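Next, two complexes with chain A in common: one pairs it with chain B, the other with chain C.
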Partner chain A sequence: MIRDPNFQYPFLIGTIFLFAYLIIRVILWYIKLSKYDKLRFIHFWKTKSVWAAIRDSVADGLLHLSIFKKNPLLGYMHMSLAFGWFLLIVMGHLEVIADRHSLNFPFYYAVFYRYYQPHPDFAGAKVFGAVMDFLLLIILSGVALAIIKRIRKQIFGMKRTTRLKTFDKIALASLWLIFPLRLLAESLSAAYYHNGSFMSNTLGEWFIQNVRVSAIYDLSWWLYSCSLGFFFIALPFSRYMHIPTEIVFIFLRHAGIMPKKYWNSYAQIQMYSCSRCGICLDACQLYEAGVSNVQSVYFLQFIRNNENVDKSLFGCIICGRCQEACPVHINLNDLRTALRIKASKPLTFSYEYTQKALQQKAGIIYFAGCMTHLTPQIKFSMRRIFDFLGDNVWFMDKDKSICCGAPLMLAGQYDSASQLIQKNTELIMASGAKTLILSCPICYKAFREDYVLPGISIKFHAVYLNEMIRQGRLPKINLGFKTIYHDPCALGRGSKIYDQPRYVIDSYSQRIRLKKEKAEALCCGAGLGAINLPIEAKNKVTFEAMSYFARFKPNALITACPLCKKTFARDRRIPVLDIAELTARAIDEYVNEQKKTVRETRLIES
Partner chain B sequence: MKKIVIIGGGIAGLEVSRLLLQEGFPVTLIEKSSHLGGNIRNYAYLFPDFTPSEEILKNYTSLPGNADLQLLLNTEIEKIDFSSRPYTLFSNDGIAISADSIIIATGYQIFDARLKEEFGYGIYDGVITSVEMEKMIREQHIVTPYGKAPRRIAFIHCVGSRDAKVGNTYCSRLCCITAIKQAIETKKLLPQAEIFCFYIDLRMYGLTFEELYLNAQKEYNIQFVRGRLSETSEMIDKRLIIKAEDTLIGRPLKMMTDMLVLMVGMEASNFSKQFAYHNGLEIGEHGFFKPLNQFNARGKSQKEGIYFAGTSIGPMSVAETIEHAQATALSTISYLKGKEN
Partner chain C sequence: MATFDFLEIRHLHIDYDNLDQELLNEVIREEPSFQWCISCGCCTATCSAGNHTTFNIRRISLILRRGEVEGLEEELKKCMLCGKCTLVCPRDIQLRNVVMNIKKIILKKKTA
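Coming up: the complex of A and B.
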């Protein structure tokens, strides 16, 4: 009994619109990629990375394993919806193929199979029916969780969930309705023909006894089709655009395409890949400090909606905690920097002072950077260490120093930063040095990412110190105090250096292990990224981080960043030392002991 | 008879004690150190007229002999039990003292200049604080760490005050005029020396402060540079190089100096912060005790019978501290006589 063959149109229109939109979108994105990125992408298809991309697409796009690892319940919610729906589509088509022994049927046939096929009597029809009912049940459990999450997010262990826009609301409502409506339509079919399985047949029985099924039968299929149609039309304008975009992003990422300092189509793809799951909200320390509009999910949303982003763009410390937490692996720090560059007017400063810089020949260069100059104890300690090692080191910015360029870059001043980078590059290359040592991780990150220094090994001081200890050139000595190591943002999350500073600290003290460390380390509250963040918010971040450390009652907080040191020191609860200061103390202690031993030996001899 | 406990033996605590004893109230005065006087002992001469600080302390020399005064030196109060009246105070050595009224005169502490690491205090020998400078002035002997008479000295205002980067956004009020006082005294001792003051702006709020400032320029040839210090470094011969910005000319400035004097600001004492934390008295956002209001109850706390005197509520000069102590003494007397609560 097929009474009304027209109800599939809303679905058809929606699907055709969506696919047309996506094809055009992807083509436009591809066209706007740079020449080299296009070459990378073409070459990529000949490499094994394709398999990795497919694996990641399944793992993250369908199974949502990254979310699963961070929050199992939330992961299940995403997985049941995405993977469940995917399987429903695949199984639906297999069911039709099994029934008709042919591939020749309209693509919407499988979607409304229970309507078109009242009497499935092929071999395995019952198994297919049961599987389809089971998959629908799984998806419905996901929908139920999604609704619960909107009402009571605490059940998910989440403190916050995202705010929604109008199109998001339409898409969200249609998405939530699709599956209950499908169940309703299929159950009503089952009521007539008993062509369902354990769930739809049972519900069908109930309907036949309690409801006039013929009155709502067609309507139910119309509503199901409409909900699908609405969802597909709303999708490109809502957060659900992340579903197709994320797959594109995964493939481009595996093709080796890197984020740039300017806003390009790769940046745009990353922006659309944000599913607004809200995991970044809980990772952001600024939320606790009362700032609730700079978080990555909102910042990306503001850009997508062409809203004013000044605050959210320049009010973030760029500590990278959200990037680390992001289950989609969006390069949030780079997106923000690229947009800052796009949003800033270039400065007209001449940078004449760079012409006065001094040139020297050396094997090793030490570049202190402005923040080390403002924490002279670190500078002193570095000099003590170099003296002890007896290395010939050129202290490049001892006088007439040139900035590394990082503060300008973070403020969006690409051209100005480039001038400084160029001058520093000239000086370093002309020195003939093989090693460049830095004691500020912000400088270190800039030198690694924004400089091209062929033949020169760029080393962070903690890495250098670790090498020296391993080679036995620096003493191992226990200074007898309990320490905590704080991972600076630019060093840890920013440069992925976690272990070497720990080895150095372990050589000199008893280090307390923390839960919030390495990639999950707290931010000190004073990163250079925070251009227009109120001081109260920064202080709150510092205070909370220090309160966390204070619970472990260490004798000293060791960090490897002059800015972190300065920031934490003003809290005054725990003495703060740079890793270089700790090492210099160890050297002093060692030298004193040596002297004592010499004296004692002399006493015995005399 | 009502019992009064005064915590803190600086000039505020001494002045309150003096007045209460004069009115016939027995007083217990608690001081954490081994001697009375407190922070005023850090200063040889007081602005604006160079009065020796001993003259102020002279007013209190007869106090320890007073039979109504119970003086507890080397004693710190750790906790106060506010749950029942009279209140009970517990000291660090386990003594319990009961009190109908408590006057908190716990004063201030100077800003730890090492926190402003870029200025080089504790790193370069030539960098000293205003307290250390005052000691040299008292001894009439100003020398660099390597024993020479300095030819150039720079005074840096607002160290640890009006500086969000060290967490203190308030003005300590006294450093400007103290710098001018010390600059003049230094010039008197070393007429050949060049003296510079680096300031944000000069807050000459006292009636005669402005004259002193003009005199410093006209008669003593002290030079004033508007601009904050950015960093200090040291040369091989231990002389210092300071970098600053002259904000009137709008240019960066680099200068060699033999000595750098940091005008350290006033901070709530650690005691105040911890005391408030452990005992539930309210502190303001800057760490000092918070009086009931800023107008007619600057000496009163939120708790009945608990009063504040002197710099425990914020930076004050010696004269203001004594006035505040007198006002608090009057409030306390009225309260004890049942005329006020």
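Coming up: the complex of A and C.
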């Protein structure tokens, strides 16, 4: 038989192209980082975070443990392909080293080892053969699962799987073909030389009885090499670019680089890290409501393909459920906000009229925000609480309220938002206050992230109430009803405040525990992130969320966001209360009881 | 009495024969809910910017319908985009998107 030594070229070309592309890409990304981010990254290599980054690279990049935790079958599919292939490459090279007792061989030698070495007779050759066959079997099971997933996704417990683009299809087809073709080539090799193991030898025997092996032997190796080459060339332009990018992303994340309001190379790296696994699709409440183009996986895909993103970018509520579900930990909310700012032309806004706003000296400031003014009960309850505590509080926006700037920021109008931020900052700094209390989580998030207020502690009202209860300044009293706590998006997922509001509610009522709570809490549907989302979709989200709560038959739904309250209150199935209203009720109850006991003791005395 | 004539006061006329509804139509195309407006004024009552100034979103909606586009841009600069108008609207009109779109279209026309 004639030995054809040329079939390695498709593989070689693919590999060289891929590595050259990746090296240039990573260098470009690094150059485009800001000066401080570069310093952070250089310093990072001297810290212990490097080990955490390496651990995460193995856990998420190879083992896919995050997906495994969410969906074991899907996790196994990713793990078998990624970790299985990785081990196959490593074991392949070890096998060649064991055979030749040297490191001096071309790197493609290990890939086509069964072709170049028909008679492996070194010590342990049988073991290596068995291990290689076993690994290939594992990978093939992963490929089989991937094909099944495309046909019947329900088996994976997934309601949806992602739509594909042309390059993705090429890459996907070549990836699926690589391993069956390798099995074919190795089996044919085993048919000739019996150099395989349990799987390839068995198949080889079948081939020799049924097929003219000599006719297709070289062709099979050519096809195997071509599938590898095609995959490597298509990789940078397909979703499989996430494989190398994710490692870069993990290292940058551990270096402490944070997402910014503007679109930078870190944002680009995050965008390429998306593996389009589709887990975010199931997390998105809008999908249930019939909106199927705003989900994070699609919006990132549109950006990568330079398609029109207007609808997909501005139609999302930015509730953050996808960000919590994302196994790659991409900062999807920040990416979206940065992209909105990048995609929007600055529309001129001018707020000179705010100059007339009142200014006052105070120790504590209460900023209600636009949404609290829309739900006056919260405002009155806060005043009731402050009166009871006897604190000197300046109600900053009692008459003339100035927006915190978050709605403009979410609409991509960074400069205009900065005007409002500056105005509020001036007012707050001039008051000489030490504490700023907010009753709207949207404001709270904006004040925490976009404002610079040195020396002032910014507190959400639920956190403040929790402190007061723990200090014994507010009474603990059971109002005797069953409640559900709804985590507002900007407070829970946005600011990671989960426990303090729960403590406050537990002090006054009997709280029912839900399955979908904390990071997995539902969105009310009216978030300010949605700019051009149809009202029908919003109402559907609200209705579905309320239906979920109604199943538990609570006496009241407690939330900590005026916007959630306003939205849920339209649905009349459960009365909705803010956490401040609950506290104010408890105070009233407490005061009444005190009066009653005083009256009773007086009666007894007289 | 022959001089008493409503038609004499030219600047108060709305000439429906020469109505410039291009901007209005474009806004409605982008945000169809805008055509349901009944000019009730809830949006203006709740408006944060309207609390500081004479900014009146109901009036903006009215003059847009009359095709009076001049001065619209200057007036809309005052909006803080807080979204309260959208929440109180009894007709579920996405006023926040309407404001964004009017501004976008005016900007597009200016640059074009």
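Basically, the second predicted complex is superposed on the first by the 604 of 606 C-alpha atoms of A that agree within 3 Å, B and C clash if a C-alpha of one lies under 4 Å from a C-alpha of the other, contacts with A are read in each partner's own complex, and residues count from 1 in each chain.
Keep this in mind: a contact is a pair of C-beta atoms (placed from the backbone, for glycine too) under 8 Å apart; a residue touches a chain by one contact, two chains touch by 3 or more.
Given the structure is predicted, the values throughout are model-derived calculations rather than measurements.
J.: Chain A superposed: clash or fit between chain B and chain C?
T.: After superposition on chain A, chain B vs chain C: clash.
J.: Considering only the touch criterion stated at the top, classify A:535 as touching first (chain B), second (chain C), both, or neither.
T.: both
J.: Between chain B (first) and chain C (second), which, if any, makes contact with A:403: first, second, both or neither?
T.: In the superposed model, A:403 contacts chain C only, not chain B.
J.: Classify the contacts of A:411 with the two partner chains as first (chain B alone), second (chain C alone), both, or neither.
T.: second
J.: Classify the contacts of A:287 with the two partner chains as first (chain B alone), second (chain C alone), both, or neither.
T.: The answer is neither, since A:287 touches no partner chain.
J.: Which partner, chain B or chain C, is in contact with more residues of chain A?
T.: The partner making contact with more of chain A's residues is C.
J.: Would you check which partner chain A:572 touches, where first means chain B only, second means chain C only, and both and neither mean what they say?
T.: So A:572 only meets chain B here.
J.: Is A:380 contacted by the first partner chain B, the second partner chain C, both or neither?
T.: first
J.: After lining up the shared chain so the two structures overlap, which partner does A:76 touch, if you call chain B first and chain C second: first, second, both or neither?
T.: After superposing on A, A:76 lies clear of both chain B and chain C.
J.: Would you sort A:263 into first (chain B), second (chain C), both or neither based on which partner it touches?
T.: Neither chain B nor chain C is touched by A:263.
J.: When the complexes are fitted on the C-alpha atoms of A, one of 45-53, 63-71 or 99-107 in chain C overlaps chain B. Which is it?
T.: Stretch flagged for C-alpha clashes with chain B: 45-53.
J.: Between chain B and chain C, which residues of chain A are contacted by each of them?
T.: 373-374, 535, 539, 566
J.: Along chain C, where are the residues that touch chain A in the complex?
T.: Checking each residue of chain C against chain A gives 30-31, 33, 46, 48-49, 51-53, 73, 77-84, 87-88, 92, 94, 96-97, 100, 103-104, 107.
J.: In the complex of these two chains, what residues of chain A are touching chain B?
T.: 373-377, 380, 535, 539, 566, 569-572
J.: What residues of chain B sit close enough to touch chain A in their complex?
T.: Touch list, chain B to chain A: 112, 115, 117-118, 120, 123-124, 164-167, 169, 230-233.
J.: So in the complex, the part of chain A that touches chain C is made up of which residues?
T.: 345, 347-351, 353-354, 356-357, 370-371, 373-374, 399-403, 407-408, 411, 413, 420, 526, 528, 531-535, 539, 563, 566-567
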